[in-house]
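For reference, chains read A, B, C and D in written order, and residue numbers begin at 1 within each chain.
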Amino acid sequence: MGVMPLQEAIARHVRDGHSVALEGFTHLIPFAAGHEIIRQGRRNLHLIRMTPDLIYDQMIGMGCAAQLTFSWGGNPGVGSLHRLREAIEHGWPAPLQIHEHTHAELGAAYAAGAAGLPCGLLHHYAPTDLDLAGGPHTLVCPFTGQRLRAVRAVNPAVTILHAQLADEQGNVLIRGIVGAAREAALAARCVLVTVEALVPRLDAAPNALVLPHWLISAVSVARGGAHPSYAAGCYERDNRFYLQWDEISRDREHFASWMREHVVDCPDHSATLRRLGVSA
Amino acid sequence: MSAAGYNADEMMTVTAARQLRDGAVCFVGIGLPSAACNLALRTHAPRLVLIYESGTVGTRPRVLPLSIGDGELAETATCVIPLPEVFAHYLQRGRVDVGFLSAAQIDRFGNLNSTVIGPYAQPRVRLPGSGGAPEIATHAREVLIIMKQSPRSFVAQLDFMTSVGYLAGAGARGRAGFPGRGPRAVITDLGVLRPASDSDELELAALYPGVTVDAVRAATGWPLRVAREVTVLEPPAAADLTALRTLQAATAQAHAAPVRLNL
Amino acid sequence: MGVMPLQEAIARHVRDGHSVALEGFTHLIPFAAGHEIIRQGRRNLHLIRMTPDLIYDQMIGMGCAAQLTFSWGGNPGVGSLHRLREAIEHGWPAPLQIHEHTHAELGAAYAAGAAGLPCGLLHHYAPTDLDLAGGPHTLVCPFTGQRLRAVRAVNPAVTILHAQLADEQGNVLIRGIVGAAREAALAARCVLVTVEALVPRLDAAPNALVLPHWLISAVSVARGGAHPSYAAGCYERDNRFYLQWDEISRDREHFASWMREHVVDCPDHSATLRRLGVSA
Amino acid sequence: MSAAGYNADEMMTVTAARQLRDGAVCFVGIGLPSAACNLALRTHAPRLVLIYESGTVGTRPRVLPLSIGDGELAETATCVIPLPEVFAHYLQRGRVDVGFLSAAQIDRFGNLNSTVIGPYAQPRVRLPGSGGAPEIATHAREVLIIMKQSPRSFVAQLDFMTSVGYLAGAGARGRAGFPGRGPRAVITDLGVLRPASDSDELELAALYPGVTVDAVRAATGWPLRVAREVTVLEPPAAADLTALRTLQAATAQAHAAPVRLNL
């Protein structure tokens, strides 16, 4: 583990063609890290996330992705992800190969990856058209004869999380809604974490959700790094931005100029937040 | 809408809330289901247990969440658990009494499409996809569907089957052996459809005040059957409307302040 | 859920012949509940615990059990469980059918039970003699062809835990080492919990380990209910008693008279603790 | 034992500690392995990561635990997780560098019995059983075995195989495809045995000061092979002994106070 600037962490660990999971369910979405990947111009990534959310809409629209593994691809509480739709519906800016799951399946796939298993188990349910999209296989329980659904483990090359705190050793504390972030990290070959702050000691509660430093390749401080998502105890979700995104992202040109102004031409996330007018 | 009146969203929300018995464990989605559950909590079902797929179990938000993972849900929850555990320990383990679903398309047997309009490989409209719906559809003891009714959404043939209702009907779901019983009601902006006991086909069971059977038929993309007795539902009680509007006003106020990061 | 005296909770929910898991790994072992089962004279129980520990040594020695599912049957840090050994080696006081697992297997079996699955998965490893003792089956991963080990889910009729706190609704907070207690509870048909104290509100940290009240059939206050095991934050493990037990339990008669004096003839756990001289 | 001297337990503990490189992730059991790891933490390996199967990850106990789940382990841990996750997320996921094992019986290929003496169905002695050992034996990158040596415990034929070493030797373990490489050393009260590179058979590789090859042969229940070069190990350094004895004295003091419950 090393504490290093986010630019260096991304430059060192995220390569073109990698499978990359930026996890965090609604909460603690690593926007700062995603923006840095965009700035560094990564290509042909296999993006993995339960809910692509705005961050993958941005990365897909900026041409970072060749594949997407996901389970729900909307703008939460708002509607469509227009850049994701354009990629799937019109192959713009590049064709996007999708691997589609249900939440339960992708959760089980991360959990299997975290446990070092090649597959996870779920109850079988009769085929819907999702099965035609490829994916689960049927297994039979050797004890009961019950049919079960096996899902292939997901083991990202790199998982990136945002968290509230890390200590000087690099142990990471996550507070609040965690989604499948923990499983995605444990499943990965390389884990990068951005945090709101570094502190000498975490002083975590018993049974708190802490990731040990030796599982983590790099910790980088990125204050406000989850905005427009949120970091419980630090700042709230910018629901207004999620609504605005519907407008910004509808049109290719509008999207591109917005990204240029607010991400590409900003040296880092602090600059992005200042340009957005949400921090001084 | 007059002050004494109410709109279709309110009638849908109140109708959905009325379906919930006190103490039931509900797997809740954002939007009308969330409003209905939180209304029920504030009226006849104070012991309702709300689970959101973000891992917030037994949550009692003070205002309605705008996303499935708002901080409000975590702060007021009995416990916050990883998402894979919500689906494994609660839904798959059979601990959810009522699941709410919605979709872009529904067919006469309550099967749902939330994936694509047009062919899967070349969709005309790519929808958000499945999320938690397929497992809610199979595992919740019963399912309530909330959807506005139109011939575009109540269709003779789904473009894609994302989540099962009664499959091809006439007991097909029972034979498939899912843990849950399937959709108990489809609550629309015109009334309520329920599955017929023999065929499993959805039929019009109740109308909102002032809505005609013909209006519902016109909003349905298949020849809609009508139950032998169609009740006309009571309009929302004043107490329900007050509770719902108070909740919505508090929600609007809570979400109106612009976000500032003090970094 | 109901808050009720422990006597009533056991009388109502634990029946002869039931499969019963008193869980808690070294920490929070529900001794008070186990003693109450002994006092009420339950018979032919199928006892389930990763580490039978002293509590099952006592229950087996007192003739409560017909079967035992376990993964490590020693006196931790001391040596043998003599009553368990006598039951297996000499069928005294009654023959004991054993179902033996590794920790990983029994953990996965509880986890499968908690998830509503009929079996759980582990890596396959080449047969040791444990396989001859019956148990796991081999499955093949449909994606990789890798051989996997399937273990049958464990779903106790009743799981009994001890915890630090419950609130007025009956939500239960566990702090510290948890072992497979959570999975054992989620896997059970009926959950009973003894607690050190009832409080108006738990004020649990985010992501604390809380079991919701509606999963629990009865909560009973049993102060000191884990002694000679411990309850973090309340009292420490009575290591001295674990050493003494080696002596007390070696001999049938000594064991029987000790149990009579310290458990059977005591009306409740408070009386047991007073007779042991560990509380006033 | 003089003040300048040391006993066999101390020599074993120091020898085991010396096997641990700084930063290694160790899956630790109670007793000598726990003492060895905590000694290493206090001497040459301050960044050693200790995991106990009770779910305490990265723990740094101030005194030696008496049970695998002492409160001390939880209070000083980086995190405390459920037991199924220790085995799944750490051991099975391949994140453990070194596992420690002991047993009632070991054979010449490092296979271990901790289950029964005599037949399984009618054991003469029922031992505690497997615990975490079988999976440690297969999944830890390497295994260190710590056992006192005697013909009763170092046997030609195990009564029961609980945990695998090199199976029948000569590459059998490699062919079985376990993730971990198997026992790297067996540390006894007389010296250290290591597997021969061709046959996988344990051979005497090192002696404690003052111990003869014949003495080790006499304590082994099979015709023990001896490596071409047998080193004589250095006695414990004064610093090691001081650190170990300080730790043990603190442990004894901490555990001497009788437990009182203030209820």
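Going forward, a residue touches a chain if its C-beta (ideal position, glycine included) is under 8 Å from a C-beta of that chain, and two chains touch if they have at least 3 such contacts.
Keep in mind it's a predicted model, so treat the numbers as computed, not measured.
Within the contact network of the assembly, the step distance from chain B to chain C comes to 1. The chain pair with more C-beta contacts between its two chains, of A-D and C-D, is C-D. For the pair chain A and chain C, the distance between mean C-alpha positions equals 39 Å.
Distance between chain C and chain D, defined via averaged C-alpha coordinates, is recorded as 28 Å. Chain D has its Cα centroid 57 Å from the Cα centroid of chain B.
Residue positions 116-117, 122-123, 176, 178, 206-209, 232 of chain A each touch two or more of the other chains.
Counting partner chains per residue, chain B shows two or more touched chains at residues 74, 80, 88, 92. The set of touching chain pairs reads A-B, A-C, A-D, B-C, C-D, using the touch definition from the header. Against chain C, the residues of chain A that register as touching in their complex are 112, 116-123, 137-139, 141-144, 146, 148, 150, 152, 174-176, 178, 205-209, 232. Remark: chain A residues 25-27, 50-51, 70-74, 76-77, 80-81, 84-85, 88-89, 100-104, 107-108, 110-111, 122-123, 125-126, 128-130, 132-133, 176-180, 182-183, 223-224, 227-228, 230, 232, 234-242, 270, 273, 278-279 touch chain B in the complex. Within the complex, the chain D residues that touch chain C are 30-31, 53-56, 66-71, 73-75, 80, 82-84, 87-88, 91-92, 115, 120, 123-135, 138-139, 160-164, 167, 176, 178-179, 255, 258-263. Taken in their complex, chain B has these residues touching chain C: 23, 25, 49, 57-58, 74, 78-80, 88-89, 92-95.
Looking at the complex, you find that chain A touches chain D at residues 114-117, 171, 186, 204, 206-215.
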